[in-house]
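Everything on this sheet refers to the single structure shown next.
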Amino acid sequence: MTSPIAPDLPATGRLPARPRAGVWRQLLKRRLAVLGLVIVAIVLAGAILAPWLTGYDPNEQMFDGLTLEGAPLPPGAKFWLGTDLLGRDLLTRILYGARTSLIIGIVANGVALSIGTLVGVTAGYFRGWIGSVLMRFTDLMMAFPALLLAICLAAVFEPSLWIVAMVIALVNWVQTARVIYTETSSLAEREFIDAERTIGAGAPRILFRHILPHLLPTIIVWGTLGISTTVLLEATLSYLGIGVQPPTASWGNIIFENQTYFQAAPWLVFFPGAAILALALAFNLIGDALRDILDPTQRGRA
Amino acid sequence: MLEIAGLCVSVRGEDGEREVVSDLSLTLKRGETLCIAGESGSGKSMTALAIMQLLPQPAARISSGMIQLGEIDLATLNERQMQRIRGDRIAMIFQEPMTSLNPVLSIGRQLTESIEAHTDLSSAEARRRAIEALKAVRISEAESRLKQFPHELSGGMRQRVMIAMALALKPDVLIADEPTTALDVTVQGEVLELLRDLQREHGTSVILITHDMGVVAEMADRVIVMRHGRMIEEGKVADIYARPQADYTRELLAAVPRIGTGAGRQVLGQTIPKTPNQVALVDDLHVGFDLHGGFFGRVDRRVHAVEGVSFSIAPHETLALVGESGCGKSTTAKALAGLVPYQGDIVIGERNLSGLGRDERKAVRRDVQMIFQDPYASLDPRMRVGDLVAEPLLIHGIASKEERGQRVAALFERVGLSADQMELYPHEFSGGQRQRICIARALALRPKLIIADESVSALDVSVQARVLELLKELQREFGIAYLFISHDMAVVENISDRVAVMYLGQIVEMGTRDQVFSNPRHPYTKRLIEAVPVPDPARRRPRFARLDQEIPSPTRKIGEPPPKLALKDVGNGHLVAAS
Amino acid sequence: MIAYLGRRVIQSLLILLGVSLITFALLYLLPADPVRQIAGRSATPQTVENIRRQLGLDQPFVVQYWHYLMSLLSGDLGRSYIQRSEVTELIVSRLPASLLLMVGAILCELLIGLTMGLIAAVKRGTTTDQTLMVASFVGVSAPQFVVGLLLLYVFAVRLGWFPIGGYGTWRHLVLPSLTMGILGAGWYARMMRSSMIDVLRQDYVRTARAKGLARGAILFRHALPNAILPVIAMIGIDIGIFMGGIVVVESVFGWPGIGQLAWQAIQRVDIPIIMGVTLVSAFAIVLGNLLADIVAPFIDPRIKLR
Amino acid sequence: EDAVDPNAKQGGAITVTYKDDVATLDPAIGYDWQNWSMIKSLFDGLMDYEPGTTNLKPDLAESYEIAPDGKTFTFKLRHGVKFHNGREMTADDVKYSLDRVTNPKTQSPGAGFFGSIKGYDDVAAGKAESLSGVTVVDPYTIKFELTRPDATFLHVMAINFAHVVPKEEVEKYGADFGKHPVGTGAFKLAEWTLGQRIVFERNPDYWHKGLPHLDKVTFEIGQEPIVALLRLQKGEIDIPGDGIPPAKFQEVMADPEQKARVVEGGQLHTGYITMNTTMAPFDNVKVRQAVNMAINKDRIVQLINNRAVPANQPLPPSMPGYDKAFKGYPHDVAKAKALLAEAGHPDGFETQLFAMNTDPNPRIAQAIQQDLAAIGIKASIQSLAQANVIAAGGDKAGAPMIWSGGMAWIADFPDPSNFYGPILGCAGAVPGGWNWSWYCNKDLDAKAAEADSVVDPAKAGERDKMWSAIYDKIMADAPWAPVFNEQRFTMKSARMGGADNLYVDPVHIPINYDNVYVNDVQ
């Protein structure tokens, strides 16, 4: 009862022996999360190893890839997932297309999410004029037609994957920012934030260590939903001439080019669609598991 | 009426299941009040929740045992069957009145819906019942209150609404989990009185969970004492108080602070030189909250939360701030901690807080630590408590990682927690345990001044005694000063050197402990002291006199500040406001 | 309240002004020349110059914008370069259809999305939850064109329950609303699930259970209003997203809304129409956000308009 | 007057659908796929074509005379022709209409067609309000004086821009005349619900007795071609104005019942690749020839489901002046490579190929890209909105190669000259012009002027030969690589009647509304 605890006296407390189970280890314990990780790994591997996984060139329009009437071939022994309207192997295009779509769905979407979170958190926490300025700017961006911005950027820059990624990031952060803002402003009112201030915690610490973790569920929801949305948005943008140009494949533009053929050649829409869905779902599974792991009140859930 | 046999409740944590209630058996007769007392974290709330089948999901479950209500075994009922029991036959009042009411539904809705759920009264009838219930808990203007929302009521009123809700259907069994912990003594007195009235009228059986031995003495027919999830003693209230069997019970009773027993403490009051080495000096402090209203959204009213408060605290000194709910105690504390904008002067050490740069403020802040009123709300629910306690050290760059861990472990032991619990999260603790974590956190920096806002009210007496002892010890060792905010007059008498009594944002009486307790001059002070329940079943007070009118509000129109009270010295620095 | 509204209206006007300025500037910078679209392939350079002068497109940017702003203030959005009609007339004739579709779509998304989210939250971790999760992602990931055509094919062509596109009765509205709604429903379902899970572990839900309320009452009366708040904020945002997806759905269902107008105008650099539609949609978004903010206090009385 | 189909039934209504909105029905302005033939049914010009053919015939004019120098044209107008508002049409209206279309205030995209009329330059410059070369001799006689002999003038008098409008109505509606068209045509406007529907009803006072056959034509706007086809299959509509969507083509053609309702015909269209002759390396004729030889046209035709025939020259086969004997460049990769090597690019080079972004153009561009890659040319594709491609083409340093599909030249009138002026002549090779290959051969310009001065109809054959020679010369210089000529496939409902050529009418696209009829009326 009398052990001194002051900083200027030696501390004699006994530390708990058990090490903490890392997030990674906990993730691997969950079946669904593992499934998600496996899907992501497969997609990644497919994208990276594409040249070794398929004997075809993604852009080669094969003479035997079309019927005499110019119709694409359904899935078969030679072309596993069928061919597209130009007689190219669909499987090969989906594998190569993963490269583009991963950059868009993960990098561009991630950047958008980060900008949105940063803006939302800053505006929500600091209020005052910084908050006002940021939020009015967000409102402005929201009311502004994103597509128009994209078209103009396309006209100014040489269309490339990175430009489209940038455009998507520039266009997509707005909604996130608004949602995060609302949540942050109510979090900032919570008493434990006051408590942090009294122990001398600075804004960065409060924002990153205490507010951000609470925003995680929202960020995960928006981030995973954003994957499909951005991948499809990329297709719209490349249609408008910004972004990857034919013949470079992306999941979005495979769907977009072929969507009118979905009855005549359903495989052209189904397979890339399934790929997008799988990627989004996989991230959602991981995200859901992460959310549970990082939310202590959910402990005890398998 | 209610019979529990061999109840075990276990919770699943990171490393498997752990029993928090073990082999508990009890019986409750009709019209009887059974008090469950015991250490914080001993499983009292868990027992109550187990009866209601409302254990926190997904962590906790009933692992074995039987809960018999009349002929029904509650543990075997499904959710739908349980619905018919809850509210109708067993009602419960929860420990946290602030969060237990739905913020978006009107009081009326929340009251009538349970009536409508269990009876087939028309909605007009249900409304009438609701008004009756509100009147029964002595809420004024009951009819118009129905339209109000929880956030528009004070904490005490909210708790009364909770009680009205529980009693509206005249349940056979009422479980009240610390119904008065959050309330100040005057309101506590009223609420307890109310429970007694209602019990008399309807013959309700009550399980009252509390750690306040005064309340136990006042209310209980029989008492159960729990520790570590097990019942260690059971008996008639008079027997327990007179002839406690278990060691722990004896310890518990011995630890109960009693008014008039704190005198043994050395009084430093007047001997402390006023200046220059004050730890904190507050001069003419004003804090107001502007309310926007009317059609044009202009500021038209202001909450005069703190109106010209002045006091000083010297090293080694404990100043207690007492007063009823909403009188501005917490606001004063927050101003000191730099959390609300204020007018007037606050000097910490030698430095006036206003006009300091950021880094200097951070340095000063280190010297003033605060323990918040609501421990759960003031701990980041997503951090492990060990990290939370280590955080101040980390921020101020004290000690290496390893050393920090050891220090935190030492702090944990010091406040009566085990170092193993460092790995847990706030929600895995009981109300009292959380409060201890907050205390450990405040101590980590070894500040010069600790503001303790109702820091021990959620603790059971033995822990309370230990914490108070700890606070005193630290004071002796390091000269820490305390601003001790409490409504428990017994505790205040026990720990404080000087006492300031606040009423409506102003200090109405201030003096040394002896001056205030043995010679209370202001009528309000007298009332506060009277309201304290006596921890002796043999000396139950007859009836607690209620105030006829509602507590006046500190909210006033702009341009109509409240009249300023002048303090008069009635001798030896004993200041009293003219009334 | 009035002061609040006043302030918000002024802010909204400023936002609209900002939108008009940026849009105008971007269109000015656009390399495609509207005059050449007007003048056609047989035009001589002189004709081109004539037209340019008449439209005032030879003037400096600031002057052009000023003129635009002035006529905007008098309610005149100008005349389309290609269609040669008053932009106001074009927009007014198509706006009701768009608004109708928007209302229909938002109703669909809310109905489907919130129901899915609610069920998923309640059945958290079960197969039902997982199925709904997959369904919501299918909704978000499926290209609207394909969804629209599929719905059309099944419910209009095969089953004949609804007309094959067109505009007029409520039966025309169902399929396009549903098509738009399926996408949004995915979003709402996820958000609703997330926020519902949060609400369901609040103390007041436990209180409601302790009162012995039926599950329905707990969910709909106690949990839903609390969980729906973030969703309300989303509706304002949604209008913006909606404007993006409207083009496809309108053209699949032959729905005479402003999306098609805008799309054709963008393809042909018909600046007055682009400006007009941009302003109208910006207005809708701003209004949506404002409404969302105004509605919030009615759901959560703690929120104060400030 | 030409005969009316004796089998035709009178009455009934049909529905036609279009995806894109109908912009305006003002004949001075409308220049879109959709409104082109709608305007032809609402208005008339002095000249027209025999239904289903490219043969000129007088229309509002009863007869015409051409002076031997080919510079003066005199038209005798038909008597008793009434506008929809009941007033009789006279020579003043003809003059007014031409003054109006050339006036810069009208902002007509067709003003340039009238460049050969005396006084055009002054009107275009805003210096005069009226064309000095157009004279009203009497109410039924009008005389045109030209600055040069113009063999295409009769065609010009047949295009929409020369259609006759009543002054009083134009003044009444001002800029909104396009929404309230009043003409002399077979139909008059009955209803226009913006963005949804346009309804034409029979003009009972139409001067051509017995026409039109239909009482009502409804145009429904704004639906995807795929959906339009579904509706046709369900019998809800009669003509999908945008044709059979590529995605459905094979399905339709595989079903004998549906195939029977498809009418196939030629079209005055050529799809080609322009090469910017002012930009290296396309300034070298060998490179351009190599490109011509690299393209596998059969494969491209296959890609679009054989809905076209490979082309070897600018003119489409159904155009007078088409050189049947001309063989063009063969598909010969080896030779193409050799040519490239000769031009100093043995390893090829990198360039850009612009294309419009609507299906099937990006696909065709990719096929071209692959063909070019086979001879070492690495072309990156820029698939853009129509306006952006046009902008790039009109910029001298804008686009090295453009695939013309989607924006291509569908002839305004069936005359070989129509494929020259703006798209291959020097006049078009200016900033903002439509000569995207920037090919300017003064010699050929002179030859073209010479050919166009052969006005005598008796010498038409001779004139066609002159044009053939011009295009042969162009092909030697190879500023273009012609790829294919699109075939038209019009699908109709089972109840529609009338000769097949009405459904692939070379000037009334998609169909000739005035002459078709339905079979299910008594």
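In order of appearance the chains are A, B, C and D, and numbering begins at 1 in each one.
As a convention for this text, a residue touches a chain if its C-beta (ideal position, glycine included) is under 8 Å from a C-beta of that chain, and two chains touch if they have at least 3 such contacts.
Keep in mind it's a predicted model, so treat the numbers as computed, not measured.
Distances from each chain's CA mean to the overall CA mean are smallest for chain C. When the C-beta contacts at A-B and at A-D are tallied, the pair with the greater total is A-B. Note: centroid distance chain B to chain D, computed from Cα atoms, is 87 Å. Per-chain Cα centroids separate chain A from chain B by 46 Å. A separation of 48 Å divides the Cα centre of chain A from that of chain D.
Averaged C-alpha coordinates give centres for chain C and chain D that are 38 Å from one another. Among the residues of chain D, those in touch with two or more other chains are 226, 385, 388. Shared contact sites, meaning residues of chain B that touch two or more other chains, are absent. Those residues of chain C in touch with two or more other chains are numbered 31-32, 149, 153, 201, 266.
Across the interface of their complex, chain A is touched by residues 11, 14-16, 18-19, 22-23, 26-27, 29-32, 125, 130, 133-134, 137-138, 140-143, 145-146, 149-150, 153, 186-187, 190-191, 194, 198, 201, 230, 233-234, 236-237, 240-241, 243-244, 266, 274, 278, 281-283, 285-286, 289 of chain C. Residue ranges on chain D touching chain C, taken from their complex, read 17, 19-21, 23-24, 26, 29, 31, 104-105, 107-113, 115, 124-126, 175-176, 178-179, 193-196, 220-224, 226-227, 230-231, 234, 236, 385-388, 390-392, 394, 412, 421-423, 427-428, 430-434. Chain A contributes residues 1-8, 11-16, 18, 20-21, 190-192, 194-202, 205, 209-210, 213-214, 294-301 to its touches with chain B in the complex. By the touch criterion given at the top, residues 32, 136, 139-140, 142-149, 151-152, 155-156, 174-175, 178-179, 182-183, 217-218, 221, 224-225, 228-229, 232, 255-256, 259-260, 262-263, 269, 273, 276-277, 280-281, 284, 297, 301-302 of chain A touch chain C in their complex. Residues of chain B touching chain A in their complex: 11-15, 58-59, 334, 337-339, 362, 365-366, 368-370, 372, 374, 377-384, 386, 391-393, 395-396, 398-399, 403, 405-414, 419-420, 422-423, 425, 427-428, 438, 441, 443, 445-446, 466, 469-470, 473, 477-478.
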